[in-house]
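Take a look at the following structure, please.
Chain IDs A, B, C and D follow the sequence of writing; residue 1 opens each chain.
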Amino acid sequence: MLRFIDARCMLGERCIIREGDPNTKEAILELMDRCHIEKAIVYHAMARESELPAGNMALIGETAGDDRFIRQWCALPSYFGEYMSAEDFFDAMKQHHVTSMRLLPKTCGYSLRPHSIGKLMDLAAQCHMPVFIDLGTELTTDESYDLCKMYPEVDLVFGNSGYRENRRLGPILEQCPNFYLGTGNYVAHCGIKLFCEYYGAERLIFDTGLPTGSATAAVSLIGYAEISDEEKALIAHGNIERLLGEVRL
Amino acid sequence: MRFFDASCRLGRPAAFGEGMPWQTDEILEIMARCHIDGALAYHIVAREGETQDGNELLLREIAQIPQLQPQWCALPATYDEFLHADALRDAMKENGVRTLRIAPKSFAHSARPYAMKELMGFAAECRVPVFFDYGEAPCDELYEICHDYPDVSFVITNTAYALNRWLGPVLDACGNLYLGTGNYVPHRGLETFCKYYAADRLVFNTNLPTGSATAAVSLVCFADISKEEKELIAHGNIERLLGEVRL
Amino acid sequence: MRFIDARCQLGRRCVIRENEPVTKAEILELMDRCRIERAVAYHAIAKEGDVKAGNMELLKDTEGDSRFLRQWVALPHTFGEFMSVEELLKGMKENSVSSIRMFPKTHGYSLKPYALGKFMDAMAEHKIPVFMTYNELASEDALYAMLTDYPKVNFIISDVSYREERKLFPILEHCPNFHIGTGNYVVHGGVKTMCEYFGAERMIFDTGLPTGSAAAAVSLICFAEISEEEKTLIASGNLERMLSEVEL
Amino acid sequence: MDFRELVYGQKPFEGVFVFDVHGHIGFEQGSQLGPNDGESMVHTMDRMGVDGICVSFSPGIRGAWKRGNDQTKDTCKRLPGRVFGYAVPNPFHAECDLTPYFEEDLGFRGVKIHGNIQGETPENDPRYAHAFELANRLKLPVLFHAWMPYEVDRAADVASRYPDLNVIIGHGGLTFARDRAVAACKRYDNVFCDTAISSAPDGSIEWLVDKVGVEKVLYGSDMSFFDCIHTLGKLALAKLSDTDKEKILGLNAKKIFDL
């Protein structure tokens, strides 16, 4: 039986919700059970949408003693003394067993260039910590090439790719070994099979994008893909376990 | 405390709200009301299209007004439509012009070296401070322009409030960036700036007539910083920059 | 004076407005009326639909027709979608296709060397000119980056509009491989100024048929305040020289 | 009182009642502004002689509505008599109910509507009706974020349907929507404007007073996003009579806020 680890899930109360969506932790856990998703890397809705500092701390409270959730913090380069320095941020992540971080350049309005987030990314490279960022909402696919080239030592996991980016993704995958793609809504016809054929299953990371993405669709995308069981296992949990296993905080 | 306005605008705007003080005498009245002794002024005609004609019109309009010093708008000499470096130097020297204002987005030209090398080379060589509104080179473009021309002192104006996360890294990386305080209004904005980056990179300006001079002077007067820092911001820094100009 | 049009689209396009020419016959009638001898042609389906199918349709539509010089639309070969560079060159040779047109924005790919390095090296090696419209590029800085990333490739950029002079001037100054399609180059005195500052060699006559106006394009050159030699170079000389240099 | 002397003497606005009708506390997600907790806001208010302010907790508007209002409640409790609260409704959570915040004096004095950052919900959307009925019943002021002309019109529409509440058009009096704000102020008695804006030319407050009458203009500064200094300075140095300045600075607010 294929077991999954979800690399992109959001917990916590949100402003904009729709009736019927899995808006609570319980609803998300029920969906995870239903889809055999063993664990999920989670970040907090407040950290992404309204109040980054409080959101990161709320995540600790809401996942205390719950081994189904792997904690992820949203990062913010600190200038004018706004938030923790990069060093303090990594110390706090170590203290709270946070094993990955997420970048929000568009939502929080900061530059991805080394003069802005250089310290954060150097520390991520030192700790072998994977860094997560969404295509489309936070940066374009073209910009993801620049990001990979600016920080070659950092494993970068790009979620929310959608199905129209293959002509841009191809060359980036060829040139950037540290580019990993979330499979959540990578729903181009035979997309997973073609990807494995051309660029190998090691670069695909299963994710759902809960609560706004569909977990059932995401697991089916992998379950029914015309690829070998070993490849399915790598995508479903193997690759993310390797990435997280390398983290040395 | 004496104020010197590092950047305000003269001339009739195409569109303006009733009550906006665009007439030169209205601007002078506000300056007097706000204890602003002098100002660097550029002309709207130069800023909105006819650059060289607007610059000359400015000279005629402020000839009899000692408080106002000319600030010229400038752009690359595409098809010789603007002065080349040498001619610009002579004209500025002759007319007492010591600062330039660029507007890459509004004037529809690139800010990268392949397009602005000659103009910025002149500004670097003669230590002429170059002004531009933040909207003309926002976010990463601000870093690029400061990084591409390290020897030119850039003063950004009309910044409003939403730029600190972009501004901080560039202030760290590039020593040639100065901030016009006109409507830089984050809560305790000047105090935080002075704490992390020092007052000698703040230059008082009003952005008249679109910006409010009364607000601008209040921001400095009531700032929770030392008197020396206020003096530097109010006129010290711009006087130093202008003193370094070698035409 | 002999005119050769460097930008003509054949084939049934998606959006057709009343009175616009559509069929090849209608386009030929306009070319005769404006004394345009021949035209470099690409197919509408290659732009709007399936690129490979469109390129094949072009071969059928121009079978045995000396009025049209064949031009293929190219794509990067990602996920095995298009043709490898070798297959493309072989196909061009067999079907006497002498130039390439690209739509980076419409077809959604990057122009940077990491994506098109190999492809552009082949264009440079075989001296194949690459045609593009200005709106397919993100900005003037993107155009400058492309021209400097591939200095040995001749680029013909058309439909540059009349507001871009200050952006194009420094690029023309720094990039000898940058040529402008004159079809919609309606800046007042634009052709004359360009000849004065950069020489007539930098301009290639084109019309943008069937949506562009052939009559306007021809008049722009005929009435330009430049010498007859310069007019001839623009009308056909430059293009003929460029196409004669292609080595397939 | 020589207001001009205040500015150049760098003296706080003592001897005049100053009440800020447009305040924010809490983290600003989209850009870094300044210190945004209640205490640092009151520190600046002490320096400037501002007696009181009515605030909403911004992350609660674009995030968890209950946490937001609770944060405002806690701040009002910690700083009684200086910081008052706007309760903020949420159009997506059916269980949202603001009445508990008004059952006893927890410092709440009004309701804040900020539709454009709550999924572009129209300001007069029926899902906000429960908040308008509450405000109408308790005769509360309702502050609208109204930057665009259509937002000002929607605020006016609420004023027309709920005559007992007072609508404050936030920002609208000084932006390019100012003509709509003037029309609304003239048409309805229960519509007012505030002076909260980061950048408006000198002469704009004088223009607004001239068009709608000084009784309709309330001092607001968007503090602690922005510093209140520049709006206070703009008012102090404006070409208005001292009595007009005193009305705008706080006397007008006293009439519609239960202070």
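One rule holds in what follows: a residue touches a chain if its C-beta (ideal position, glycine included) is under 8 Å from a C-beta of that chain, and two chains touch if they have at least 3 such contacts.
All values reported here derive from a predicted model rather than from experimental measurement.
K.L.:
List every chain that touches both chain C and chain D.
P.N.:
For chain C paired with chain D, the chains in contact with each are A, B, in label order.
K.L.:
If you average the CA atoms of chain A and of chain B, how many Å lie between those two points?
P.N.:
Measuring from centre to centre gives 43 Å for this pair.
K.L.:
Can you compute the centre-to-centre distance for chain B and chain D, using the mean CA position of each chain? Integer Å is fine.
P.N.:
33
K.L.:
Quick check: what residues of chain B touch more than one other chain, meaning two or more?
P.N.:
162, 164-165, 168, 192
K.L.:
Give the residues of chain A that touch two or more other chains, as numbers and ranges in rising order.
P.N.:
In chain A, the residues touching two or more other chains are 79-80, 82, 108-109.
K.L.:
For chain C, jot down the residues that touch at least 2 other chains.
P.N.:
none
K.L.:
With chains as vertices and touches as edges, which is it: line, ring, star, complete or other?
P.N.:
other
K.L.:
Kindly provide every pair of chains that touch.
P.N.:
All chain pairs meeting the touch criterion are A-B, A-C, A-D, B-C, B-D.
K.L.:
Across the complex, what residues on chain A touch chain D?
P.N.:
It comes out as residues 12-18, 45-46, 49-54, 79-80, 82, 107-109.
K.L.:
Flag every residue of chain C that touches chain A in the complex, lowest number first.
P.N.:
Spelled out, the residues of chain C in touch with chain A are 75-76, 78-81, 107-110, 112, 114-116.
K.L.:
Which stretch or stretches of chain D touch chain B in the complex?
P.N.:
It is residues 4, 7-8, 10, 30-36, 40-41, 44, 47-48, 178, 198-204, 206-207, 210, 223-227, 229-234, 236-238 of chain D that touch chain B.
K.L.:
Touching residues of chain A toward chain C in the complex: what are they?
P.N.:
142, 145, 164-172, 174-175, 194, 198
K.L.:
Residue numbers of chain B touching chain A in their complex, please.
P.N.:
So the residues of chain B touching chain A come out as 139-140, 143, 162, 164-170, 172-173, 192-193, 195-196.
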